[in-house]
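Down below are the structures I want you to see.
Both complexes shown next keep subunit A, but they swap its partner, so subunit B is in the first and subunit C is in the second.
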Partner chain A sequence: MRRLRIITLPYLVWMVVLVLVPTLLILLLSVTNLDIYNIGPFSFVTEGFEELTKPLVITAMKNSVRLSLLATLICFLIGYPTAYFLANLKTSKKTMLITLFILPVWSNMLLRIIAWETLFFPNSILNMFGISLNLIGTDVAILIGMTSMYLPFMTLPLYSVLEKMDHSLIEASKDLGASNMQTFLKVTLPLSLSGVVSGVIMTLLPSMTAFALPERLSGGKTLLIGNIIEDYFMKTSNINGGAMISIALMVVIIVLFMVVVHFDKEGETLI
Partner chain B sequence: MKKGLIAVVLVLSVFLLVGCGEKEEKLYLLNWGEYMDQDLVIAFEEEYGVDVIYTEVGSNEEMEVLIKAGTTAYDIAFPSDYMVDKLASQGLLNEIDYDRLTALDDVAIMDEVLNLYADKDYAPYLVPYFWGTIGIMYNLETVDEADLTGWEVLFEQTDTYRVGMYDSARDAVASALFYLGYDVNSNVTSELDEAADALSNADFTMFGEDNLKTQVIQGNLDMALVYSGDYFDELYAAEEDEREANFGYFVPETTNVWVDTFVIPTTSNQTDLAYDFINFMLDEDNATQNADWVGYAPVIEEVYAMLTSDEYGYDYDNYNPYPEGASREMYEFVSDDRYARLNDILNNAKAN
Partner chain C sequence: MGTKLVEISGLTKSFDDVEVLKDIHLYINENEFVTLLGPSGCGKTTLLRLIAGFEYADAGVITFDGRVLEELPPNKRAINTVFQKYALFPHLNVYENIAFGLKMKKMPKEDINKEVTSVLKLVKLEGFEGRNIKTLSGGQQQRVAIARAVVNKPKLLLLDEPLGALDLKLRQEMQYELKEMQRALGISFVFVTHDQEEALTMSDTVVVMNDGIIQQIGTPIDIYNEPENRFTANFIGESNIIDGVMHKDFLVEFEGVMFECVDEGFDQLENVDIVIRPEDIELKIDAGKINGVVDAITFKGVHYEIIVMVNDKEYIIHSTDPKEVGDKVSLHFEPEDIHVMVKSNA
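Our next item is the complex of A and B:
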């Protein structure tokens, strides 16, 4: 095993340069008055924490947590039955069906967001079929958008766990007199928990940090924390304040993950 | 057959070697999207044997971030008036040596444009590129033109009309300040508070950028705050497709007039080439072609006269950003704190 360690080197370098160093830099910026464009002496300050008490930041954080948890729940409710169905399919069409499921991910995400945007306005191509939606600016629009973007990331880990599951365990359960429902709740679901955990993480993370999606689908009227951070960095150039909010977001995500992983007793997540 | 192949390889390798010999110089440009005829950029590359690296941004503030970051040595950027002020005051721009702008021997910048910034501190740092206004684009089928009396239509009629607001703090707050009759650069707390209330109390259907114009045309919005170029873009597109425009552009009596400019950041390593490029773009024929492609109002007298002549037919209402007798105000860079306040105002209006 030790000799194999060397092949992880590229990954290690990648992670250190592109993840660890920037994260430390953001941490440093959040609690100091360091000027990133003109690096020089700096001191530790607590002004950054004031950013977190601004009503706008709190509202955006609440919106992000609420909408991303809802989107993850919806993805799970749609994704689990789908993955279960696909995993138990016994036809030659299985590969094709799974390919169809991944297919949307191959097109650019921004294009798909803009496509939803045009459909959600009252006057759209849907008028041809007598349908006129008026969803722009509603939470429903954002939830439909998030669900459609991230559903494959929920379904695939679930599918891979369910597919590998030992069917003799299910047969044994039924043999011992458990009903279908009992078998599912006591055997299938607990055995697939690791897939649930990775699915939840893969859906929660991008929806939590989304900023282009809410901007387009809410008509700019629902601010998520990603939009606020974008403003800090790209508009008002308040890098230190933006760094503080980014760190706060990371803390929220880590707490949510710890809650999720807590349910995963096997500890066999894909990540 | 084999001989032919060898010949092809030989010829190719000669080309490759030639390619190695002349190391092309690079000119770095930092511009807005769809703001320059790329055919002219290619023509410049060919004429001068250089490589133009073209970066696009969506706002003046992004431009500032990129210039400040200094990771790319931009040779020419195209910020608006107030941003030139801010960049120059931070020592990020080189003064323009007008003696080297030989193209100006043949053409003249319009006096109306020169007068806009003649007395400003930042005047020595810029060469004007295009100019325009902000105004209200509206759907002709759903808006009663009698209602278009001034800025109040954006704020007082959001129950009757579906109104789109520009998702840009400076412009959104400017429209509110004009509506309230205050100076567009006001930094008086009570006046900004009133502007914040006006924006928060109005029930805007959406906040957007260049998607606003599309929604006005499709009938999902009745009117929206836009830049003059947003409207003219769509007008030309409609003319090209030979469809009747179902939208108009209303410029209230007092509005903002802006000038976008060529500037040379201090990061530039190719100052000579930068002057060559500016001269190339100021050349009468090139400037005419560019203005015809971009659609905003040109700043060169000869080009403006040419485009508004019968040959080009640009003599539209409101094509001239600053007609005689109109009232126009320019943005000024006041302070970072004020700009942060403007962003708070807009974000609060959006969250309402």
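Our next item is the complex of A and C:
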């Protein structure tokens, strides 16, 4: 036990300094009149709560939840078959294919967002092929963007559980009379549930908090909650309101996670 | 017994250019208990996997119940397997594991309940219904694996070393239970084992395999008493295998002495292998046709194992009558205890 504590010390310091303290600060900012011009004595205020009832904020929150869940679903629908295919490959090319799959993650995300943005304008390099997309500002643009950014985060945890899965269990299932579909539903899917939960969390979290991505791809038409928070802090300097919305976002995410983790009986996921 | 349930002909299987099964011919009757016996890596599991449908043969045909099996995927075959490594579903408890096959058959819930309860009793795991698979001991897991397969009452049950993880007493009980089950349900069993005693006590037919080749097929008594070659003689029980020469029918020479025997049909002066079982040799103190000196003696529970050196060669003798190391003895046996076999190349 003592040894364990010493090993975990750096992590604990990290968590306290970079997660716990900032979170508490945000919590403090959300209910006080502290801001950039007032870091001295403060008093508690309740204006922050009023921000949460503003139609703009509510719409943005709804957009974020809707688009994030959709993007997560799309990532799952693409990621699961991909991971299944990769995990069942018999060749030595496996490692190479997976590396190829993760490769995009190594390039700057903002760069990739801008790349999509230029393709989504009516005038783009795609005109060469007689294609003119006009997607900026649509949900489709944001969903394509999110899916392409976060797909590897869905696929990798799925791959790692499917890869480790004992193939003889699938044989046992067929031996007992289950068809391919029944085997998938009764054996493969339940056994990969921990990977599904990890993947969903890894996709949902960045989608819910995204702000650069919707800003570039929505052309200002679809506001997500990340954009609102950015505006509050950076443009209007409404620290109190921004902090309150951040806290609200955190609550929404925690609720979503609790729903997800509820499906993970074994508790073998990342959290 | 009677009609053939499974017919295997000319079955050949290679993995990466290595022939693992070579031209296997075998049939299994209805309600027959067939044991595959052979050393590790000889292809027993591979043969079972071909019958179950998890591998495809390079050549040859398996028919089951009059149908060529190749057309049928594993889930459509009335065959169930007890896997060597159990392959129990870790996300399901004991009850759900056993009920899996019945659920696939869409059996009504109450019937499933009845079947599972009775099979749990059979494998002595009453009260384990709700247990997590991961909390079971190896022997308990093995019994769940047996129950999960048996409960489906297949026409053919494939068992890949199903008793390997059990202690002697439970093993003997389960041997008895399995044998009873096979008789009562009228199921054919293909039973894989390393353990020759298990093979001899349980089977109607023993198939001795080595290196992907069937060495001998026969009843336990045939296999034990009339091994067809050196491998079988060596693998089944302990044996003394001696080089000999067949002079004419019923007359064989070994250790420089002529012996009467019961074998015939060999060429004149054909080189042969002679097998004499350790329990068939009697030791006497006075001089005889074959003489030697006692080299070692070990107590084995029921009998003594006595090693006698004859012309620099070891003979193993099982006897209830102890001797002293250094005793000069002679070896005696009856003509019917001398088993003459065609010389193996090995």
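FYI, the second predicted complex is superposed on the first by the 264 of 271 C-alpha atoms of A that agree within 3 Å, B and C clash if a C-alpha of one lies under 4 Å from a C-alpha of the other, contacts with A are read in each partner's own complex, and residues count from 1 in each chain.
The rule we apply is simple: a residue touches a chain if its C-beta (ideal position, glycine included) is under 8 Å from a C-beta of that chain, and two chains touch if they have at least 3 such contacts.
These numbers come from a predicted model, not from an experiment.
Touch criterion met: A:236 reaches subunit B, while subunit C stays clear of it. In the superposed three-chain model, the partner touching more residues of subunit A is B, compared with the other of subunit B and subunit C. Of the two partner chains, subunit C is the only one that A:191 touches; subunit B does not reach it.
Applying the stated contact rule after C-alpha superposition, one finds that A:211 touches neither subunit B nor subunit C. When the two complexes are overlaid on their common chain A, residue A:174 makes contact with subunit C while staying clear of subunit B. Once the two complexes are laid over each other on the shared chain, residue contacts for A:42 go to neither subunit B nor subunit C.
When the shared chain is aligned, subunit B comes close enough to touch A:121, but subunit C does not. Looking at the shared chain after the overlay, A:221 reaches subunit B, while subunit C stays out of its contact range. Overlaid on A, the two complexes show subunit B and subunit C touching no common residue of subunit A.
Residues of subunit A that touch subunit B in their complex: 37, 56, 59-60, 117, 121-124, 136-137, 215-216, 219-223, 228, 231, 233-238.
Taken in their complex, subunit A has these residues touching subunit C: 166, 168-169, 171-179, 182, 186-187, 190-191, 266. Touching subunit A in their complex are the following residues of subunit C: 52-54, 73-75, 79-81, 83, 85, 87-91, 100-101, 104-105, 148-149, 152.
Residues of subunit B touching subunit A in their complex: 59, 61-62, 64-65, 68-70, 167, 169, 204-208, 211, 215, 218-220, 336, 339-340, 343-344, 347-348, 350-351.
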